[in-house]
Amino acid sequence: MKTTITLMGKTYQFKSLKEIMAKANEEKSGDQLAGIHAQDAQERIAARHVLSELTLADIRNNPLLPPEEDEVSRVIEEGVNEKIYASIRNWTVAELREYLLSPNVTNNEITHIRRGLTSEMIAAVTKIMTNLDLIQAASKITVETRCNTTIGQKGRLAGRAQPNHPNDNLQGIKAAIFEALSYGVGDAVIGINPVIDTADSVKAILNMTKELIEKWNIPTQNCVLAHVTTQMRAIKQGGSADLLFQSLAGTEQGNKAFGISVELLDEANELILKEGTAAGPNVWYFETGQGSELSADAHHGIDQLTLEARCYGLAKRYKPFIVNTVVGFIGPEYLYNSKQVIRAGLEDHFMGKLHGLPMGVDVCYTNHMKADQNDMENLAVLLAAAGVNFLIGVAMADDCMLNYQSLSFHDIATLRELLHMRPAPEFERWLEKMGIMENGKLTSIAGDPTLFL
Amino acid sequence: MSRVEGQSIISVGIDIGTSTTKFIVSHLKYAKVSSHFSLPRYEIVERKIVYESPMYLTPLKEKRDEIDLKTLTGWLEEQYKKAGVNVSEVKSGAVIITGETATKKNAESILHYLAEKSGDFVVAIAGASLEALLAGKGSGAFLRSKEVKGTVANIDIGGGTANVVLFRRGKVLGTITYHVGGRLIELDQNGEITFISPSIEPWLHSKNYRLEVKKKICFKEMQQIVQEMCKDMLNSLTGQKLIRLDDSLIHSTSFQVIPPIDEVMISGGIGQLLEKEAPKTIYDTAVYGDIGPLLAHEVVKEIENCSLKLIKATQTSRATVIGAGMQSAEISGATIHVAPSRLPIRNLPIMMIELDNEQIKNRDYVYEQIKHAMIEWKQYFQGEQEIPFAIHIRGISYCSYAVLKEVAKILFSLYEKYFPRNPVLVVICENDIAKALGQLLVLQSNNKVDIISIDQVVVEQGDYIDIGETINQSMVPVVIKTLAFMKN
Amino acid sequence: MNQADIQQEKLIMELQTKISDKIIDKDEDEKSFHYTVVDWSTYVPNPKFPEGIDELRKVTPARIGVWRTGTRPLTKTILKLQLDHAAAVDAVNGEVSDSLLKEFNLFTVETCYENKEVYLKRPDKGRVLTEEAVKMIQEKCVKNPQVQIVVSDGLSASAIEANLRDIYPALLDALEVNGLTQGTPFFVKGGRVACMDHIGEILQPEVLVLLIGERPGLVSANSMSAYMCYRPRKGTIESERTVISNIHSGGTLPVEAGAYIGTILRKMIDQKASGLHLEL
């Protein structure tokens, strides 16, 4: 594997693939915090040059985290189709980029070659793609999944209703769900982040949402985003869950910090398939986000983009209904400003899609980041153009429980109108029946939450 | 992660009605409803019945003006055994004497006797208004009002009274009670009248009905009387007849004007009879020796005539006992200050002090308000100032330390001045500030007086409150007894 | 409108003129806007169930029932959101005033945070006190106190400005009621939660309570947390800390939080534990 390059008279010598991968990244505070970032702009580009010339085999043959040491690496390795890999192993990363962007390559071809790719190869090609590259390549990929309803079709943009409440008040959660539905949001999932992580409380929220969905015949799915073990207990005690949720990390150690392992996820998978309330076959909801491994000190010196790709490698195993990167939630020590958040959002979406995952994005920021609502609106347009499966919607973008800002129900409605996108088909028909939408546009009664009282 | 996902307390309900007595045992499950990062907060998250007694004919002494205590306690002991519950395990609940029975000579003493004997914190409840409220909670009307848009009335009709409560969107609008009941007139299957309750006599007179015991009555006449009774009640409920305190059919009311009603539920013994076929002869009418079956039928007819929507109650004859056993207790906030040796403490009348966020900053205003309330109290309860009472502070959502300290100083110094012999000071706050206030009062009082300061409880002037022993070392169960009516 | 309504309307109008005459100078009124919470509110114009709107808004602090123009929010809704975000941003960038610290006799030490940008990018630096700070603490503070109180700006200086006057004296009362004694309190500039561990190493308190500004949200930019730990030391893990968060005038009231912290500290000392191991 070549690790040295001379550019404009200056020689750059890299020690390892790990170093090349890290330094090839766009500037991110998380890589700086880990101390693995490029020292200057030219070194960054030098690393990118080297990376572009490496072959896919170079990447597979020089594991950043060997399978013997890490179960996430093992899951990724086990997922590779050797025949397809053999057919592309001599491609350089640059060739992979150009293949993905070439006009002859469509969803069919990408669906085929993805089986020969590892998460690290996907991370590598992402590093040498520009923002518009990421948008165009991602827009070619369609990933349809089905839980109670199907989402992900071309020309469709779904939304998660995120009706969180600072103390899990059921009436309060309901009120925000009504608001979401009245703007046509909630087709991806009605998903609540609970404050109280007990089986009793999770069960109460699950059953309240389930009853509401049944009462109004809403073609969607429910989910309470507690720790997976709490959800499992709630389900065993009679909670009605369509989807099982869990946050993922890209290393075994990172997952340990989250209190999960592949074994536990396998067990949970069996439970939800057996005792979940959804039609399926896709019954998982995963969340990820650059930086979580470093925050748990479980990053092994690997850059946060690559670790993020590895999360997707793990997620694939469970054929999820939705995967969501919570792009700006973790804070300025990982993504400092809007530029970094926008970049990360596009990277994550593309990487997830190339993995064959039904990607959505929580376009968001915390108040100590150098970003504001305008930046989120920008990123939302870019992602919608890239064909994102769904976006997170919060009342006026302000999550009064998690204390951060995402997109508003208004924003999702605006994106649909602006880019001529529709809600998920079954949900759109329901909105029409309720009189909230007509010919893809909100009607005059939309935006009135008392429609559901 | 929580170590305790929910624990239960055993609660009993005893309803001694005009004709029948009922007993239930329930489990009230309370659970922490706050995260690890906030102040602890608990709520009763589940109320489940674990035992229901059969209907038991309320035992009266021969003259029918006294309850037969011995027979009643004997039956209750048997019921506790059947339910597998020891009196010592009972931590909450209520005894209620309803309808006509409440007028019996020994009603009050029996009520308190049973409350004392039935468990650690079983409270005595009396009054038509509370009875109406508990029945409405037990019948399912309260729950329904949260789901529908209109006003839901629950009419609990027993042997002696019809207790009406109105709910709208989960709020209590008020109560009204009528002298309408199944056992106000008793008769045998030949049509011979065997008993006429004194409480219905004024109404019968006003309508020129001359009934006499031992005289026979025909079906037509009986039906006409019952029909008129129901019509009178429904006219009043629908606002076609104004509410007058001298109306002989009205027992008591909190309304001056009754708001429009959309739906009606009927609970109580009469509610249970709705399913039965309508009586067509005096023989059918008197199957239970009273006018109950006829009343059930006529009241439904009148409700339909007024085009009110009749909704089936989820509980009928047991609505009140279920309300008493399951719905009477609440729990306080979990950051409070109490002197454990003073608990339980029962039947505290409420002294109300209303202060908003602005008023509380004005030291002189606060001083005058509290002083005024205390002087008034002394006048009202002349010679009884040793009776403990509770001071309810309401209207404050935020309060700074400096202001709260000033309030504590004023409160304690005035209390000491006006009630020097009271060994305990009980304060009930609306919002979560009881621990801070309690601690300031402790520092003020220098241990001369025991302090009980609890919060997240809302009471009204005229209410009484019972406060139980601490649960889980952090909160107390409370029962608020609303006695708001104009005429009784 | 019936007679009673008209009467009431009149009364309200009279009252309003009285109030405005009294507090707002007429000239000034023409030149400036006076916004209150009500003025920021936008409403659904013709809701299907009119009384339902308030009912829904009452049960959640979420911004619902705000209405729209086309698919976009109304101007006031947007401006209110921006106002709240501005308060949050300023809270992060602000500083605690010297006068407040003087009021409570708190001397100031710093962590290795250098400046705000580094503070935000390098949380590790906010966990370690400067050499100078260590020296000053060693000189000025009582060693091995039962309770060590530390105040820090954290991510919201305005949280300290808004709440310290309420929570701190309530906490001192709580120590007294619970029979606890405290050491020498001080203020840490640029602190992160884990600076507790470093301070624990220096002073060896039995329990330490850190009052620190939280990452501001839009509901409140002034939210404070109280982190408590039994014998904090290098290597303390997160689950060993007990925390009360969301302390502000619209959340957990600071006076009540201060009072409750006393109860928690008492239990920590009695049980010799904190965090997940503490039975509350």
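Labels for the chains are A, B and C, by order of writing; each one numbers its residues from 1.
Quick note on the criterion: a contact is a pair of C-beta atoms (placed from the backbone, for glycine too) under 8 Å apart; a residue touches a chain by one contact, two chains touch by 3 or more.
Composition by chain, UniProt nomenclature: C = Ethanolamine ammonia-lyase small subunit.
What you see is a predicted model, and the numbers here were worked out from it, not measured in a lab.
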item	value
Selected interface, A-C versus A-B, where C-beta contact pairs are more numerous	A-C
Identity of the most central chain, Cα criterion	C
Length of the line joining the C-alpha centres of chain B and chain C, rounded to whole Å	41
Length of the line joining the C-alpha centres of chain A and chain B, rounded to whole Å	54
Chain A and chain C, separation of their C-alpha mean positions in angstrom	32
For chain B, residues that touch 2 or more chains besides their own	1, 38, 149
For chain C, residues that touch 2 or more chains besides their own	49, 52, 55, 246
For chain A, residues that touch 2 or more chains besides their own	453
Chain B partner contacts - residues on chain C that touch it in the complex	49, 51-52, 55, 165-167, 169-170, 173-174, 176-177, 225, 243-246, 249-250, 252-260, 262-263, 276, 279-280
Complex interface listing, chain C residues touching chain A	44, 46-50, 52-53, 55-57, 59-68, 70-73, 77, 81-82, 84-85, 88-89, 91-92, 120-124, 155, 214-219, 221, 223, 246, 251
Chain C-facing residues of chain A, complex	29, 32-33, 163-166, 169, 171-176, 178-179, 183, 331-333, 336, 366-368, 372-373, 394-398, 400, 403-405, 408, 410, 413-414, 417, 442, 445-451, 453
Residues of chain B that touch chain C when the two form their complex	1, 3, 36-40, 149, 169, 335, 398-402, 404-405, 431-436, 438-440, 442-443, 474
Sites on chain B touched by chain A in the complex	1-2, 5-6, 31-35, 38, 41, 45, 149
